[in-house]
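Below, each structure is written out as structure tokens.
The two complexes that follow have subunit A in common; it is paired with subunit B in the first and with subunit C in the second.
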Partner chain A sequence: MLRFFVGPASRLFALTLTLVVVAGTSGTARAELVVDITRGFVQPLPIAVTDFDGSVPEETNFGKDIARVIAADLERSGLFRPIEQGAFIQDPATLRIAPKFGDWRLINAQALISGATQLQADGRLRVEFRLWDVFAETQITGLAYFTTPANWRRVAHIIADAIYKRLTGEEGYFDTRIVYIAESGPQNRRVKRLSIMDQDGENHRFLTDGSVLVLTPRFSPTTQEITYLSYVGESPRVFLFNLNTGQQEVLGNFPGMTFAPRFSPDGNRVIMSLARQGNSEIYDMDLRTRKITRLTDHSAIDTSPSYSPDGREVVFNSDRGGTQQIYVMSSNGSNVRRITFSAGRYATPVWSPRGDLIAFTRIYQSEFYIGVMRPDGSGERMLAKGFLVEGPTWAPNGRVLSFYRQTPADARGGVASKLYTIDLTGFNEREIVTPVDGSDPAWSPLIP
Partner chain B sequence: MRSGAFYSGIMHAVILAVLVFGLPSFNAPLNETVIPVEFVVLEDVDDEAVKKPPTPEPPPEPKAEEKAPEPEPPQQQAKLEPEPAPPEPKPEPEPVQAEPEPEPVAPPAPEVKPEPKKEVAEPPPVPKRRPIVKTEAPTKKDPPKPKPDQLTSILRNVEKLKDHPRPAPKDETAKGPEKGPVQPRVSVFEQNQMVQAIQQQLRACWRLDPGAREAEDLVVEIRVKLNPDGSVRQADVVDVVRMVQDAYFRSAAENAKRAIDVCSPFRLPIKKYDVWRELTLRFNPREMFGT
Partner chain C sequence: MRSKLFTFIAAAFFLAACGTSAEDSGAGTGSGTATTTQPSTSSAPTVAAIPGPTPGSQEHLVVNVGDRVFFDFDKSDLMPAGRRTAEALAAWMNNFPAATITIEGHADERGTREYNLALGERRANAVHDYLQALGVQSNRLRTISYGKERPAVLGSNEEAWAQNRRGVFVVN
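Our next item is the complex of A and B:
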């Protein structure tokens, strides 16, 4: 028997095997090579998304539209590369019987999506899809959905999420929405409206008319609610807004101003800053009892709190160390520790829903950065930079970030502010196209 | 007397060390000395050079923009009118029938299926060499080449703000063969050649996702049985329990299996079939993270 170790094989392990070989099996032993593969490449998975087949033109049209939205979702994630439909050899009708895997290997597809649409007697639309592994020649998954035909776009997002989840091991994020501040008009009379859209920019709507300033919207991780900053008289206040009912309310009645709100992971509390006489501290409010708890007590400015996904810790920023840096504390305010020690200033830390990273804004030598680090402050990486990049927000699966980037004023004093998404690996930065300028995006949870 | 015991101790220690670590010559990092050479000129291999692994998706280089006075933080925006007006449009409140019920779909009727080729003892018909077409960079608008330092890590950092001293590359990466009963027909050098040929080929086939949670720890071992023509007869993930329990691991394992499928048939010398007919391939991305 021959054992062959390359790579980080433990010596002891090797020795054990060798001894076993020497002591026992000798004549019948098979030669076996152990090879460590330590180099690969990072590229999107080539995937063939075929038009979903239908029997009548209406079904066929739904099938085409659904396939288009699925392909666009997958492509935008940066993890998949939908193959041009013009290259397809097998047509949707015969594909419905069975894939000719050879045809799909020929065009280098590694995964294949087929599907069918069917209008039911009760007026509903049935959409089914199958995900195939082209090389293993097996069906990986297959599901069917019933919906009102008007809802085809959402079904497409749900299917894209199912495919994404099956192939990456991660929850999807396509069936989500983003609220943000739509900005229009000249710099000195900027109109800011709370707006909402699907994560791909579709179904855009303005939620407020712009008569009142609205800032820093944040989505509840569990409900269709938003908390944000607006004004009562001259005083900034944290508001709660229910997307389903349109109901809006001020959170609490404090002598100072409240700002920088965020929901707790269970959606039952809002953590925020309350400023009085030039000092701001972090408070937590239980939305059911309206009871508030003070978490920090320091002469420095403590703000921008964000809960860890297990609700046990809070990340925030403070200038108690001399410059504005990021700190983590237990959710009862104890055990405060600083996690950033670099030059420059840190702002708007936000804990990933996946728990493994904290995103933040960093200001260093007049440049802004969006970065991520582990919750202990290690592994800091800058993903995006610009004259002004701000407001990182996580997709609910903790894989993708959205933020906004503002350009410096041009000769006529105009600035442009756009929304972007970026993968946490630092690749695949994409603009989210909005009807007007945008800032302060906030990602919704998966729509229930 | 005392020195006798001393020397005896030394000798015992040496013998023990030899037992544990093997003779020094066996542990010499042979690979280190031969790494730069591609050993693919084997008699049954066509002349095609081993494909170079594609470079990682080049980052869209953020444009350096002119500096200007620092913009004020959003919280200090000028105040406008008081009284927050209720927002006009109401978002759709009808999620009930909107909620589609997923139901599992059975695979299409088996009779129409071109018989599923399930691999058994008998080697399947030799798959024709699949065109291992290189995938182009995914987006047209990302043409710039990655900076050299990005080659050492698959995670991107637009700015090195901290001086993270990069840990020295681990030296055990390319260890020589363990000592043991050596097959007379295959020299250590030839084994090295085969290992490198396999590594080289899989390098161009193994697509991984560095953004998965704790991706650097997703080490996948696959036992592979090969046919004499280098095609894959069977490939089984060793850790079947984790396949079921850990969705990230399953995804990583499927990527590794796909790499083996895409690389099949492997180009290896038929004369040494006994050596490579059964392999354990260990896909370990840690080095690529440069951590």
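Our next item is the complex of A and C:
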């Protein structure tokens, strides 16, 4: 088993070798590289990702593309440093027979990825990879996948997830997508479109045409569905969008605005705000019966609800104490308690899929921050700041967050709004490059 | 506040006379807050030369009442100037019994999206409730919140934010 290293360690990036004899296999001993990711700052692990070998040019091209996507995934995580391919000594053809570990040690690679692609008679693509521990001179893991060739990117992400999981002990997050609001135009005529892309920005697709204002999309944790706010007919309502069918459907028909939707952890319910006579309260809707249950009853603003992963509690935003702060209640609406008491205003709480943290937006002295804290409000840490940063969302492994950052507007109303990812530690902030501006990112679960 | 309101109406009148749309007059009002009444007065002959707005229309409302009220930061209660505008709106609606109004609630950009949607809703409703208390039938009033998504005045500064924290009356 992989182990975590808890507490301060002078070596930021620990490497441990554990001998595990796996019964039923050829009896080869497996030594395991482990990446210590519990520290704030980690030295990325030097890893050699070689082009996957093929027998014909088409296979070789797939092999190069797949290796490139794997290396980019690992590099963006901040936990790995893919070594420049020009430094490689051993060529893919001989590597297919066996690694010359001395060649890889010479260029300081601690881990090595080799692989091969093969087009099958039935038209499918077979992709295999092996992860090697260079210093122990052993294979850590090796797997083969069959897919339609058009799916080569997904296979690359799945392999990157397998590598990430073996070396960090945590689930990966590369075979995921991000839904967000694509934005263009000046402040007062901002066109907003529901959009989706792979987590690395590829396979980008606009889902709506921009004629209707759309906001705050959120992914179902269990299905290929999104819930979001749409102003169809100049009437703000919570909708469902089915990614498989393209079908859009309004959730209920209430006299007031419905907004701030988010799925329950089992995907069977949507929790949201419903405004009546100007007062926003939190309701929970059963998606099968469409029955709603009221959870808050207060004259203050109650919005931005987010379930704990066990479904027992709800964190939400309320100004019942005078300014907007973060509160937690039981999922039946009882036992409401405030968890933020520091200076400033707090908003957009989102429970981590691991359950151990809540991400939020903090507004303090004219700056916006993205931060995390424990569910009891302790251990607050700020990860990112800006003139306007907002809307944190968790990668399904609870290790990485995404959010958006907007610049102040110029005199003509020109603004720039970009999506970013950042490690839970506050290091490794990266922009997700999108075709136009973006806001309100929402991470999907691992694609089933 | 009275002189500011007068400036506001004068500026709106001036812009309406120039034939700009209602939406543009709102933005122009924001950029023209420093304007004294002098330029408006000097343009008075031009106004006289153009036919007045259709009674009961959006343009008529803008000229005679004004189409918006403003709010303090993170607040949704009407300020004295806003109450006077709402009172004028109630009187105007009495004169045009067939008119129905949508009240838009807006917020500045210095808040989070969802909270601002709720805040805009509360602001629109504050206007709604005040009008209702003044005798306007609720079925003639519709509210909608745009949160911080539809600023009227461009820029990221206190002046713009003050103009964007608003309730806007739109004749249906």
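Definition applied: the second predicted complex is superposed on the first by the 402 of 448 C-alpha atoms of A that agree within 3 Å, B and C clash if a C-alpha of one lies under 4 Å from a C-alpha of the other, contacts with A are read in each partner's own complex, and residues count from 1 in each chain.
The rule is short, and it goes like this: contacts are C-beta pairs under 8 Å (C-beta built on N, C-alpha and C of every residue); 3 or more make two chains touch, one makes a residue touch a chain.
Since the structure is predicted, the reported quantities are computational estimates derived from the model, not experimental observations.
Chemist: Quick check for you: in the superposed arrangement, does A:Val336 touch first (subunit B), second (subunit C), both or neither?
Modeler: In the superposition, A:Val336 contacts neither subunit B nor subunit C.
Chemist: Have a look at where A:Gln277 lands relative to subunit B and subunit C in the superposition and call it first, second, both or neither.
Modeler: second
Chemist: Return first, second, both or neither, reflecting whether A:Leu215 touches subunit B, subunit C, both chains, or no partner chain.
Modeler: both
Chemist: Considering only the touch criterion stated at the top, classify A:Leu388 as touching first (subunit B), second (subunit C), both, or neither.
Modeler: After superposition on chain A, A:Leu388 lies in contact with both partners, subunit B and subunit C.
Chemist: Which touches a greater number of subunit A residues, subunit B or subunit C?
Modeler: The partner making contact with more of subunit A's residues is B.
Chemist: Taking the superposition as given, does A:Leu119 touch the first partner, subunit B, the second, subunit C, both, or neither?
Modeler: After superposition on chain A, A:Leu119 lies in contact with neither partner.
Chemist: With the two complexes superposed on chain A, say which partner A:Tyr369 touches: subunit B (first), subunit C (second), both, or neither.
Modeler: Touch status of A:Tyr369: first partner only.
Chemist: Based on the superposed arrangement, let me know which partner A:Val436 touches: subunit B (first), subunit C (second), both, or neither?
Modeler: neither
Chemist: For subunit A, what residues appear in both contact lists, the one with subunit B and the one with subunit C?
Modeler: The answer is residues 213, 215-216, 229, 234, 236, 259-260, 347, 363, 366, 387-388, 390-391, 406, 408-409, 439-440 of subunit A.
Chemist: With touch defined as at the start, can you tell me which subunit C residues reach subunit A in the complex?
Modeler: 27, 74, 76, 109-115, 117-119, 121-122, 124-126, 128-129, 143-147, 149-152, 154-156, 160
Chemist: Using the touch definition from the top, list the residues of subunit B that touch subunit A in their complex.
Modeler: 20-21, 31, 53-57, 59-60, 62, 65-68, 70-71, 73-75, 77-91, 93, 95, 97-108, 112-114, 116-117, 130-131, 133, 135, 137-139, 154-159, 161-162, 170, 172-175, 177-183, 186, 191, 194-195, 198-199, 202-214, 246-252, 254, 256-259, 261-262, 274-288, 291
Chemist: Show which residues of subunit A lie in contact with subunit C when the two form their complex.
Modeler: Touch residues, subunit A against subunit C: 186-188, 190, 192, 213, 215-216, 229, 234-236, 256-257, 259-260, 273, 275, 277-280, 301, 303-304, 317, 319, 323-324, 347-348, 361, 363, 366, 387-388, 390-391, 406, 408-413, 415, 439-440.
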